[in-house]
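Taking it in order: structure first as structure tokens, then the write-up.
Here the chain labels run A, B, C, D, E, F, G and H in written order, and each chain numbers its own residues starting at 1.
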Amino acid sequence: MDAARLRSLLEDVARGAVSAHDAAEALRGLPYEDLGFARVDHHRALRQGVPEVVLGEPKTVDQIVAIAQAIVARGDNLLVTRVAADKARDVCARVPGARYDEASRIVSLELAPPQARGGRVAVVTAGTSDIPVAEEAAEVLRLTGHEVVRRYDCGVAGLHRLLDQREVLASSDVVIAIAGMEGALPSVVGGLVACPVIAVPTSVGYGAHLGGLAPLMTMLTTCSAGVLVVNIDNGFGAAMAAARILRLKG
Amino acid sequence: MDAARLRSLLEDVARGAVSAHDAAEALRGLPYEDLGFARVDHHRALRQGVPEVVLGEPKTVDQIVAIAQAIVARGDNLLVTRVAADKARDVCARVPGARYDEASRIVSLELAPPQARGGRVAVVTAGTSDIPVAEEAAEVLRLTGHEVVRRYDCGVAGLHRLLDQREVLASSDVVIAIAGMEGALPSVVGGLVACPVIAVPTSVGYGAHLGGLAPLMTMLTTCSAGVLVVNIDNGFGAAMAAARILRLKG
Amino acid sequence: MDAARLRSLLEDVARGAVSAHDAAEALRGLPYEDLGFARVDHHRALRQGVPEVVLGEPKTVDQIVAIAQAIVARGDNLLVTRVAADKARDVCARVPGARYDEASRIVSLELAPPQARGGRVAVVTAGTSDIPVAEEAAEVLRLTGHEVVRRYDCGVAGLHRLLDQREVLASSDVVIAIAGMEGALPSVVGGLVACPVIAVPTSVGYGAHLGGLAPLMTMLTTCSAGVLVVNIDNGFGAAMAAARILRLKG
Amino acid sequence: MDAARLRSLLEDVARGAVSAHDAAEALRGLPYEDLGFARVDHHRALRQGVPEVVLGEPKTVDQIVAIAQAIVARGDNLLVTRVAADKARDVCARVPGARYDEASRIVSLELAPPQARGGRVAVVTAGTSDIPVAEEAAEVLRLTGHEVVRRYDCGVAGLHRLLDQREVLASSDVVIAIAGMEGALPSVVGGLVACPVIAVPTSVGYGAHLGGLAPLMTMLTTCSAGVLVVNIDNGFGAAMAAARILRLKG
Amino acid sequence: MDAARLRSLLEDVARGAVSAHDAAEALRGLPYEDLGFARVDHHRALRQGVPEVVLGEPKTVDQIVAIAQAIVARGDNLLVTRVAADKARDVCARVPGARYDEASRIVSLELAPPQARGGRVAVVTAGTSDIPVAEEAAEVLRLTGHEVVRRYDCGVAGLHRLLDQREVLASSDVVIAIAGMEGALPSVVGGLVACPVIAVPTSVGYGAHLGGLAPLMTMLTTCSAGVLVVNIDNGFGAAMAAARILRLKG
Amino acid sequence: MDAARLRSLLEDVARGAVSAHDAAEALRGLPYEDLGFARVDHHRALRQGVPEVVLGEPKTVDQIVAIAQAIVARGDNLLVTRVAADKARDVCARVPGARYDEASRIVSLELAPPQARGGRVAVVTAGTSDIPVAEEAAEVLRLTGHEVVRRYDCGVAGLHRLLDQREVLASSDVVIAIAGMEGALPSVVGGLVACPVIAVPTSVGYGAHLGGLAPLMTMLTTCSAGVLVVNIDNGFGAAMAAARILRLKG
Amino acid sequence: MDAARLRSLLEDVARGAVSAHDAAEALRGLPYEDLGFARVDHHRALRQGVPEVVLGEPKTVDQIVAIAQAIVARGDNLLVTRVAADKARDVCARVPGARYDEASRIVSLELAPPQARGGRVAVVTAGTSDIPVAEEAAEVLRLTGHEVVRRYDCGVAGLHRLLDQREVLASSDVVIAIAGMEGALPSVVGGLVACPVIAVPTSVGYGAHLGGLAPLMTMLTTCSAGVLVVNIDNGFGAAMAAARILRLKG
Amino acid sequence: MDAARLRSLLEDVARGAVSAHDAAEALRGLPYEDLGFARVDHHRALRQGVPEVVLGEPKTVDQIVAIAQAIVARGDNLLVTRVAADKARDVCARVPGARYDEASRIVSLELAPPQARGGRVAVVTAGTSDIPVAEEAAEVLRLTGHEVVRRYDCGVAGLHRLLDQREVLASSDVVIAIAGMEGALPSVVGGLVACPVIAVPTSVGYGAHLGGLAPLMTMLTTCSAGVLVVNIDNGFGAAMAAARILRLKG
């Protein structure tokens, strides 16, 4: 239930195409629907411009399916992140139409193609192993109607690999810079572009890397002014932040 | 040396108002000026839309003064952050025209009023003690030509203090949410608004607060999708990020 | 062996209904029974008002069974927490009458229904994934004779989900507020109610969440005065604390 | 402005003793008063049963004085915690009637003696050096109308020092157990009494003590079921929690 | 090859019972034997009074077997610690005479019964789950000829369980106090006895326990003067330290 | 009041040299004396063989003086550790006969020369800067009647400096090995001697040294079997542990 | 494509042995080849003297195979580190000629024997369990044309094991000193030799070892001047650093 | 006493220019001189090619002076690092000829100009505030006879500042790359040059920088193969390592 669909519904009521009763029924889930173990926030699309996204990792298959059904029943597109392959298989088997994208670990169901929104986001990674996080960001952006360009394996140890992407970066509205290991990529990117840079540390690394704390601290203490940071491996959060930013484009 | 001044200089050369020699002299500092102990990045304004800002805290008075003189000599506005009061006194005594704002700990010198840019930023704090960080953000924004509204002491323990600001928040283009203690403010703000939210943890607290690590971790692990984070007490970084974002407005 | 049963036993001896020899035998386990690898504290119910509860997680099936038999043999109700499903199956197979509650991971055996005690506890969670910890608390409270109301998935990112529960919270004697991710829920709850608030951080989260340290630090540094904290995922501890508090009700 | 004074004011209006205009004026500060840099929460006493307490440590003298004046102007008692001696001197000089208690580092001003409330709290420390935290708790409790008994230097290395206090502990409604070093005291106390135990770690110690993290972790991982924990050195928080608990008494 | 066996060998040579050649052969491994991947320290028994003990955990079965054969070939008793059950099975199958003690996770082979040494060690645990660490200590002590008394599940939450053991503790030469959770046991034991107390933190616990760091910090910061600490779960180290201490008994 | 003095007192009573009344008076402080803010444990000497030692660092001058007077009044020797120079001056001025040893930061008052006890302790340091911790250990040992040999600046980077002390180490009953920086000394010492080795990490170092955590972790994870560890900078604890160990000598 | 092969190619073009077209084709991959998910840096050998080495651990089999094929297709030797045994099997099955060395966990394919380079590297370990890291270093050095001598199990607890290697160490150009547990080996080695010492902490250990942080901190805070450190378990990095150093030999 | 002076002394003895007695006297300090509180390692120059350098920070003025006198008395150059300005003043006043370099915080006394050694070291910093650490490295290198080139303020946020130094870096034998904040500089430098790169993290930064842990972790987890790391702020260690490396040049 986003702003467009709400307006259209109310217009339908106004011109008699929908009865007050049916409209009430359609709006019954507002502001949220209580499933007992979950309160599905159908009105988030109205409030924040993006539908409720389900964090799949710590939930059981039963919980994901029940929430998915509630969302789909309201006519909203479904988006579940951080779903392991075997869990995804079970969910897709029980939610008709749902599909799993292994690269991004996302389960989605598009009742309607996402409404196109302005703005272009460059998703850049330092290494090959950071790609799953990048794909999570890219897929969430695609499913919320944004244009994405991908540039992978551009780490700073081979600077020319990054400098070759300068043009693409300069012509983007937002850059999401993703890096494991020491996480130096966003510092360099931040110095190359004037647009907002969202840094995403990843858990790719070992030893003093501490599961991503090393690149996280790197990004928080960057000498590049105005670089923004989200949690380790949080491709979803980076995409949501980019979506918030791109609303300013109009 | 920002884009407008560069264009104007080149037009002056084109129509003979400025000799090639003088233009060359004016541009001599590009891309940076080597002071031996520092390389002043005069061309950052061109590249990133904001002038080079000097981090005052770890520098000596001599270093700050020399860098300040180089910046002012190029005709740029001066902006030095995190300057202790006694150091600021010495710097201002030696850099004519420089002034110190105690609330934000900023030394600045405005050769020209900052060029007004679009967009409005709400700067919100959880407590009274977070104000110095907020003022750093607000003052940097003001000096780079942005409109700021301040709302202080709106912590979540007295929720009505925050909910009363809903209208101001909703009508801003970016919200900078600043909090020490447990740092819960940005999570709640992120749920209230659809615009970008920049979270700034502060070092206000004690014990398990660990100098700001507690609110930093709170903000990074927020359940509010799309909240962005900068380093502890980094009001400057939040302002720079907001400036990057507001460029999208046009 | 709680205070009521002890008194009744002594009265039986007084009026000749029980021989001194049999009473001595019944009391033989006081103050504790030495199983070699464990000392079962039968007299805890007398001392603290709650029976000894067994922490199942680090114990072998053999150990749990032997302790369970000693407790049941004394006529006390059995309560074993943090038992994995497969281990629970083995225990239940060997302790007649024991049952396993998968949601709370508790094995229990009620020889007699728990004696009803005054007071009502609201168990609130921020997310769906915090439910197992909530159920541990709720089930322990139920087994010790307390009334519980559950309110799940009320995280602060969708504030209305929490504000809708204000009435329930206000009419409870104790609130147990459970949250993973950034753990902001107890701060907000603490500002809404005047009764004791027990905050339980959970291990639900990833990255900078550090297995629950993030919400733990959040809760310890809360700006809500008088919020109390227990260990990560410690639903049992929260319930025990609530039981201690409710004894004041009389 | 607590519940009793509000009721009395409204009764005065009802029987004409106070004009509606004056009542309105008296209530003007509800729900909070905006000082620009602070929002004083006059209605906290109504909502939570205790007046707003000011955390003095990170605030300037100017800020403390202004907030104090606003509180006193509303007719409420003043309570400022964690005030260093020199700062306290300045505050007391500017807020007539305010007094400083060095042991607890509290500045207070009692317009009226605190309304006596039921319940007795035992404040116990492991060492002599934990006394300032204990005094903060005790003084806050006294100023909010509670009875306090102090037992200091009862650490577990000389167990008889603690066991001698068993009777006092057993006859209290709440025990606040305060310890630096390894912080083992609350574990032992929790095993001796049936009432609620609030554990307060202190920053007294060195080396692996890490500014209080050692006793904090000790208390969170206690084997004594139902022990509750607050932040390091947070005597105030322990007192507030005890006050919340004692409301259940009557 | 300990001091007694060396002396006896040299006496044999002196009185012609052993040829110089055979003695040389017997001593060939001194000071150590190079297996390529390991240097077996046969002369440790001479230098430190205890034979070389093999840390089994990070070694492969092949490595353990080869080292075991080298030790047995020299006529020394074998002692391998921290061996998982499946690995132990393979080792025992290939080293004739070796046996596995599941409780202590030790593989040993006693060519001769350990020479009895003076002194008695009390091994005390806080909980049932600390027993494997205790058994490692106890078994190592037994295999090096020391007398051990075990007292398990004496945690401080039920103080009488510990106080009942006072006599046993007081009559021991060394106490090894083992505890997971908050690890308060050694602090209390240290206050009860005058003999050396060796504290062993264990990894039994969860949440803020951090794999044993909580009890480790507790023990290091103990208020009981003269308590000594070894690494988490290091029952072997505690036993070796006790053996060093007991040499002073003569 | 140690065991010898107690026995002598009782013998005096037996043969009429001391009246029962006077004996009772002399024993009045047992088991401890309550000063209100401190409970002085006069009977520790009986229980543990060493007098109560006062940790001076976190106490005020008033507190130290009052405790000192209570101890001296009972006829016991006084020993206060970790006293800063200026605080020590004030204490000595108010406690007649007290003297301050700057090297060890100890205030002491010897009413009688300490009773000589058997055993010799070698106190070894890695560097010159570790000496204050070493002197604390050495002075405490001297004041409790033990023989000490000092060997300073024997760090492992110049191995010959340590190997030259092999004979001294081998002929000692206990070695206290003290090291800052990386703290490798006890590992090497532990391999050289068969007697108990007590490792003391110090706070001498910087950067990744983390105030002594680096050498602390080094010592806890040592590959030298049977090395024992105390808290960072805890020379006092090491001495107390050595005293406990040396009681075994007879 | 290293400097020698490039020079030879250009000479071939110069004397007509290779057509410009074929040379261009051979150089097509410069500066890197874009595989979409990876940018293979063929020109690293030119820039840094060593071929691109692939970090196998976080990559999928598909990714490793594709990168391997690109490298081999350019005529370069292949070197993939940190490959688990089962993954290695799949890679070798799909990349003809590739072989797996289990000890070092390296997959390699030598199209030509590595060009011999000057210099000798001693690889020394403290324990048997550190061997895999040592073998990674040794194998990488061998594959890049360097001479290696191995000395394993020379930990400082049995100092003679290390001192026996003094001659070998003294005659090497670089020493790589590898140690888990407390990691004291490089400190002692650094004091024995004048050549560069590269310290590698390993994850071998438990408890306070924290996955290698203990030896890492040990090595960083070493009292041996001029010891250099790489990440935990980073045998590859140590080898690469040694290769950089040995280039100075000429 | 380095190798050259030793050889010359022995030649003097051989040709009668120095009596055996005088030579013996000159060598008396070998292998070290015992000052009681310090063992001065005169023979380090022989063993490691560099004279003993004194870590001044944790030592008293008395200790520094005594050690300095011992070193100078042996005819060696003096080098004391990390000396605060006021302490340096006292030392210089008491050691004739000693001078203090404020930029590097080094006290030195050059009896003879350092013997020139081959090799050139580039010392590069990311920021102006890293200069003190850089100067420590540069001054130590100068005093041990090495050529140094300095390039300061070349951080990666303004990449052109670094890329401009490519030629200088490429023509150096060793690069010491020094950075605070996020410490990304060595990763980029490591990708640009083939020679050894020594990374030095500095304590310049705040918040999540944690006193230099952020750049330390960055450097340890670098994606640039073969970058070596020393402790935070350890300019001295970097210089010593460079000196070890440059010995390979011949």
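Here is the rule we go by: a contact is a pair of C-beta atoms (placed from the backbone, for glycine too) under 8 Å apart; a residue touches a chain by one contact, two chains touch by 3 or more.
Computed from a predicted model, the values in this text were never measured in an experiment.
Enquirer: Could you tell me which chains make contact with chain A and chain E both?
Expert: Under the touch definition, chain A and chain E have C, G as mutual neighbours.
Enquirer: Please give the intersection of the contact partners of chain E with those of chain H.
Expert: F, G
Enquirer: Which rotation angle, from 0 to 180°, best lines up the CA atoms of chain E with chain G, given as a multiple of 5?
Expert: The superposition gives an angle of 90 degrees.
Enquirer: So how far apart, in whole Å, are chain C and chain F when each is placed at the average of its C-alpha atoms?
Expert: About 44 Å separates the centre of chain C from that of chain F.
Enquirer: Please tell me the distance, in whole Å, between the geometric centres of chain C and chain D computed from their C-alpha atoms.
Expert: Their C-alpha centroids are separated by 28 Å.
Enquirer: Based only on mean CA positions, could you tell me how far chain F sits from chain H in angstrom?
Expert: Centres of chain F and chain H (C-alpha means) sit 38 Å apart.
Enquirer: At what distance in angstrom does the C-alpha mean of chain H lie from that of chain D?
Expert: Using C-alpha averages as centres, the distance is 54 Å.
Enquirer: Could you tell me which residues belong to chain H and also touch two or more other chains?
Expert: As it turns out, chain H has residues touching two or more other chains at 127, 158, 191-192, 207-209, 213, 216, 220-221, 225, 231-232.
Enquirer: With touch defined as at the top, which chains are paired up in contact here?
Expert: A-B, A-C, A-G, A-H, B-C, B-D, B-H, C-D, C-E, D-E, D-F, E-F, E-G, F-G, F-H, G-H
Enquirer: Could you list, by residue number, the parts of chain A that touch chain G in their complex?
Expert: Answer in residue numbers: 127-129, 131, 152-154, 158, 160-161, 180, 204, 206-209.
Enquirer: Sort out for me which residues of chain A touch chain H in the complex.
Expert: The contact residues of chain A facing chain H are 126-127, 155-159, 181-184, 187-188, 190-192, 205, 207-210, 213-225.
Enquirer: If you look only at chain F, which of its residues touch chain D in the complex?
Expert: It is residues 31-32, 36-39, 41, 44, 55, 57-59, 63, 67, 201, 203, 211-213, 216, 231-234 of chain F that touch chain D.
Enquirer: Okay, in this complex, where on chain C does chain D touch?
Expert: The contact residues of chain C facing chain D are 47-50, 53, 119, 173, 191-198, 216, 220-221, 225-232, 236-237, 239-241, 243-249.
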